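Order of writing sets the chain letters: A, B, C and D. Residues in each chain are counted from 1.
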Amino acid sequence: MKPFDFYAPSTVEETLALLDQYQNSVALIAGGTDLTLELNERKASPAVVIDLKPVRELDYIRVENGRFRIGSMTTHASLAGNEMIRQHVRLLHDATRQVGSPQIRNLGTIGGNIAQSSVAGDGLAACVALNADVTLRSVRGERTMNINDFLTGEGVQKRNSLAADELLTEISFPVPDPKHTATAFYKLAKRKSLAISVIAGCLVVTVDDDGICTAASMRAGALGRYPMRFEGAEAYLVGKKLTYNTMLETLPMMHDQVLEANRSRPWSVFYKKEGVQGVFKKLFADVLGQLGLEEVQA
Amino acid sequence: MNKITVHCTVNHKPVVVETEPNKRLLDLLREDLGLTSVKEGCSEGECGACTVIFNGDPVTSCCMLAGQAEGADIITLEGISVDGKPDLVQQAYMESGAVQCGFCIPGMILVTEALLAKNPNPTREEAKQALSGNLCRCTGYTKIVDAVLLAAEKMRGEASR
Amino acid sequence: MKRRGTGVGCMFYGVGNTGLPNPAAAFVQVLGDTSVHVTVGAADIGQGSSTMAASVAAETLGLNYEDIHVVWADTMYAPEGGATSASRQTFITGNAVKNACTQALGELKRTASEELNVPEEDLIFRDREIYSGKDDSIRMTYPALMAAMGKKGRLAVGAGYYNPKTTYLDPKDMSGVPYELYSYATCILEVEVDTDTGEVTLLKAVSAHDVGTPIGIKMVEGQIEGGTAMGTGFVISEKIDIDPKTLAIKNPTLSKYIIETSMDVPVVYPIVVSSEGEAGPFGAKGVGEPALIPSIPATVAAINDALGTDFTSTPIFPADIVKAWKEREAAAK
Amino acid sequence: MKEYAVLAQDHVKVDALEKVMGTAKYAADYQMPNMLYGGVFRSIVPHAYIKKLDLEKARALPGVACVLDHTAIPGKNRFGIIFKDEPCLVDDKVRRYGDAIAVVAAETQELVQEALDLIEVEYEELEAVSTFERAMEEDSPKVHGDTNVNVTKHLEYGNVDEAWETCDVIVENTYSTHILSHMFIEPDAGLAYLDEQGIMNVIASTQNPHYDRNEVAALLGVPQNRVRVKQATTGGGFGGKLDISVQLHCALLALYTKRPVKMVRSRTESTMVSSKRHPMTMKCKTGATKDGKLVAVDCYMTCDAGAYSSYAPAVIGRAPVHIVGPYDCPNVRCHAVFAYTNNPMCGAFRGFGVPQAAVCHEGQMNALAKALHMDPLEIRMINAHHVGSVIPTGQELTESVGFMDTLKQARDKAAEVMPEALERLKPE
């Protein structure tokens, strides 16, 4: 590990001041499950490392004005163990409870997962499917933006909008209406624990009282740089009565889209384009069951 | 690079240690404090051999920096035994035949301790879940899970006495 | 769609090196207080060769397991042990320990015979006592025997070695005696295969192993359980990837080389089968490698059974499964 | 089974207490006063001559105690369990990615890394042989000497060619198995020091201390009783710690520095350079009568053994003997060819070629069962080894043949715990 100075501020204010002071030479530890390894392998060599763990004010899960508000330093374990999340946002519950291992879930945070914006970030994929907002703060002020815009932004690390002096502080999204909205997550991976997603399937669907789909969010992590959106499939479902067979009709669209996006990876494209269909079959069955519309074995 | 001073509780004793910040918690424990039961198997949070109990929860110490120990309560395998004798979990591991090469065992035992502190009566499935961040190449996990359940039984027996 | 399949895998395994000498040795001394030093060259890597040595010594000397202290794998003190490989240490080092103990028993028997007035061949050494096999009221304790040894200025020491009874194989056709004895096993294994994603869930495995005489039941079971995890992983998750240009291993880490976790392994039902024989110490044979082997073909067969495929190559990864299933469906149409 | 006083029951293993207490000392846990850390500079090309090696910058780094290449070796620079074909430090050419070229000892692990970064090497690259097929071509570069054939074996028993006529059913398949890694959880580690008597002490994670001792003695050019190898508590091996890992490098550095030198391989380095499981291809033809009795087996077996022999001669000796599996068969042929390539070195891995052979013989038994509409357990019972069986080397089995009992007991247990699974085995 190359030398660096270490800071462990206990408030957001102090953190922002340090970020302002050191700018590009800082690496933040939101959990350490990625950064510590990069430091140890000498792949990262920041002059300053700031540990965010003592910033307790960023560790919360609360509901305000119909929105879930989640502090960026909330661990995967806290999210997975949160009863409200489990009841209302199965997608996020299932995504966070399968991250890495129990030990990793005790360290890793949702904010770290989103800020890292890695290809196979399950928490990130879930938040994208939930169409969450993220809040970034710096000494210059605060901004809240949609997570999709966050990901396409050209920030300091090129992988998202975060500027050198900015801190991701909060993730928020509306509390889904349990009668009409169901969410589901399926992790396709090489083993049942300690696994990196091969495909992280995310589905959010909303129906009206007649079971007609009014909104659909279909995403999958690990299929491209950012969680892939199946817009054609989403559009196909909206306005239709939600049945398993109707949902299955979207599979060819997903197949084609994954094939198109992964043509440059001939060794993995076959499995990705077939696997994504298998993953979504399970998600379809899952949400239909949750909504009480249809019982399907997939 | 400025040195840092870390104040924490390790194995029930307060510790103040001056060290370099570019060190992992794993290195702090093994090198600065001589707690070599904490094993390094993968250096990437994958094998769980470097697991310690950190403020009550198991974490992989190869994924943490030394400075992150500030103010923490840390337990390693050295802090488990009672007066130099194996505690009930350690006894259960010995009796169940759960120990082969032993390299994963410190992590396994600490995870077991953390589990049983929160859930004194785990099912077999819950035990497997709890151990799912610790790789073992020798045992196929069966006898380790047996040990967790035996330890739980022993602890319940002791509690009801 | 989820489909289940069952597979059978069997094997036999020659214990020790193939058609080559591969001796191992042991030293033993019974001390004045009846505690024992056993020194072996065999490296114990957790499989339990030292525990085996203690068990065989205790059984041979008629002492308790707890009486034995084993020193192992230090070339300064320990005689040649050969490699911890080829499932050979129970058989070969075990026999070496037995031979060393038998030598130490020479003086012990002579002394006990004198003390008890019983012919040496009628003496039984068991559970820290020595008694006549013809009249078990004629007996003495081990401490009393060691006291008698001390008075007579005798030491209970032994050095022993064992080299399996094999021959070199004929270079022309490999004829000869490659191994002195063989271990056997049968595994029956059930999987569930998801034809959409190619995921394989390992359900249950029954694995029966002929180990001759088990030295320790849980030690044998532990080998079988661990071997089954490694054998199933052989087929469904483990593989070294080599970079085609540099020929470097691309996945040298535990995050990229996928071994099974506690959530992946099947429920294993180990069965310890015994068989009669004189070659091994008290009839014991090796199980270290046999423990692994049968679950490999059993897993291949179970996947084939689930899908109606004919996989003949390993590994069988999810992508291979999805591909084979699609081909099968296309052929069915 | 006889009644035993000690055996066939459960005792707490002799090493269990120290392992559950955390006091067991694995190689990386040793610390000695005045100890240095060692590291290895390795090739990043698979096949090359070394045109230039510059160690001076590394040597000049403060805190570096010594940097050595092959010229420092006082004794033999070739080792290997069966064939001595692997250098301790490359002297003629690089034969695989990760070949050891130079070793460094320094005051801290961090300094070792820095020193390794300062070593400069220029390669003259050669075509890398990456497949068995290429290795066997006449014009392929030769990894060692003048042929890439590492070992061949031929087993011949009965009369295979004449036997086919008497077969009612013949199945022919090609099986292939892949290259795997032991992935013991403890990466290789060890340390070496000269004691007050001038004896070279090596404490290492190993499965093979006496072999290690002999190799260290040969490297240093000293009698075997001037070297002591002590096995540290070893975190698994599965065959992967039978070859030399850090023993020679540590001893060489300790010899020159007169200080204890410890080396702990990273997970990556450990996996990169320790041996691997031999990938094999087995083309196999098996014939049987309509009752399911095996008549003949003919197998052609090839293998890419990688850059060094390691245990390849043991694997190729064992696999043909086991090619029929635990079954009686009067006519057997197995021809096996192992080749050198510039791929990772394959060696001993739990089973020595029998796991590979088992994929073949069990695949063939299942194929026969399918062709004959038999239960796979039944066809195995029909052919099972028993006392009096003769294996394809001509050896008669005289005792301790418990195969039939494993079949029956496995079947009975399966009937109890997985009846539907067992039912599925019955032919349709």
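One rule holds in what follows: a residue touches a chain if its C-beta (ideal position, glycine included) is under 8 Å from a C-beta of that chain, and two chains touch if they have at least 3 such contacts.
Computed from a predicted structure; not experimentally measured.
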Of all the other chains, whose mean CA position lies farthest from chain C?
-> A
Compute the distance, rounded to whole Å, between the mean C-alpha positions of chain A and chain B.
-> 30
Quick one: report the Å distance separating chain A from chain C, using the average Cα coordinate of each chain.
-> 47
Cα centroid separation between chain A and chain D, in whole Å?
-> 42
Rounded Å distance between chain C and chain D, as computed from the means of their C-alpha atoms | 18
Two or more other chains are touched by the chain C residues 45-46, 48, 216, 218-219, 227, 230, 253-255, 259-263
Residues of chain A whose C-beta touches two or more other chains | 1, 192-194
Pull out every residue in chain B that's touching 2 or more other chains.
-> 41-44, 46-47, 97, 99-102, 129, 132-138
Inter-chain touches occur between A-B, A-C, B-C, B-D, C-D
Using the touch definition up top, name the residues of chain B that touch chain C in the complex.
-> 41-42, 44, 46-47, 96-102, 128-129, 131-145
State the interface residues of chain A toward chain B in the complex, per the touch definition above.
-> 1-6, 8, 29, 31-33, 36-37, 39-41, 49, 51, 53-54, 77, 100-104, 106-107, 192-194
If you look only at chain A, which of its residues touch chain C in the complex?
-> 188, 190-194, 196, 198, 268, 270-271, 274-275, 277-279, 281-282, 297-298
Mind listing the chain D positions that touch chain C in their complex?
-> 1-2, 4-11, 13-15, 44-46, 81, 96-98, 128, 130, 153-157, 173-181, 183, 206-211, 213, 227-231, 234-239, 241-242, 267-272, 276, 311, 314, 317-318, 320-322, 325-326, 342-344, 348, 350-352, 354-355, 358-359, 361-363, 365-367, 376-377, 380, 385, 392-395, 397, 399-403, 405-407, 409-411, 413-414, 417-418, 420-422, 424-425
In the complex of these two chains, what residues of chain B are touching chain A?
-> 1-2, 4, 20-24, 43-46, 48, 51, 54, 57-60, 62-65, 67-68, 70-71, 111, 129-130, 132-135
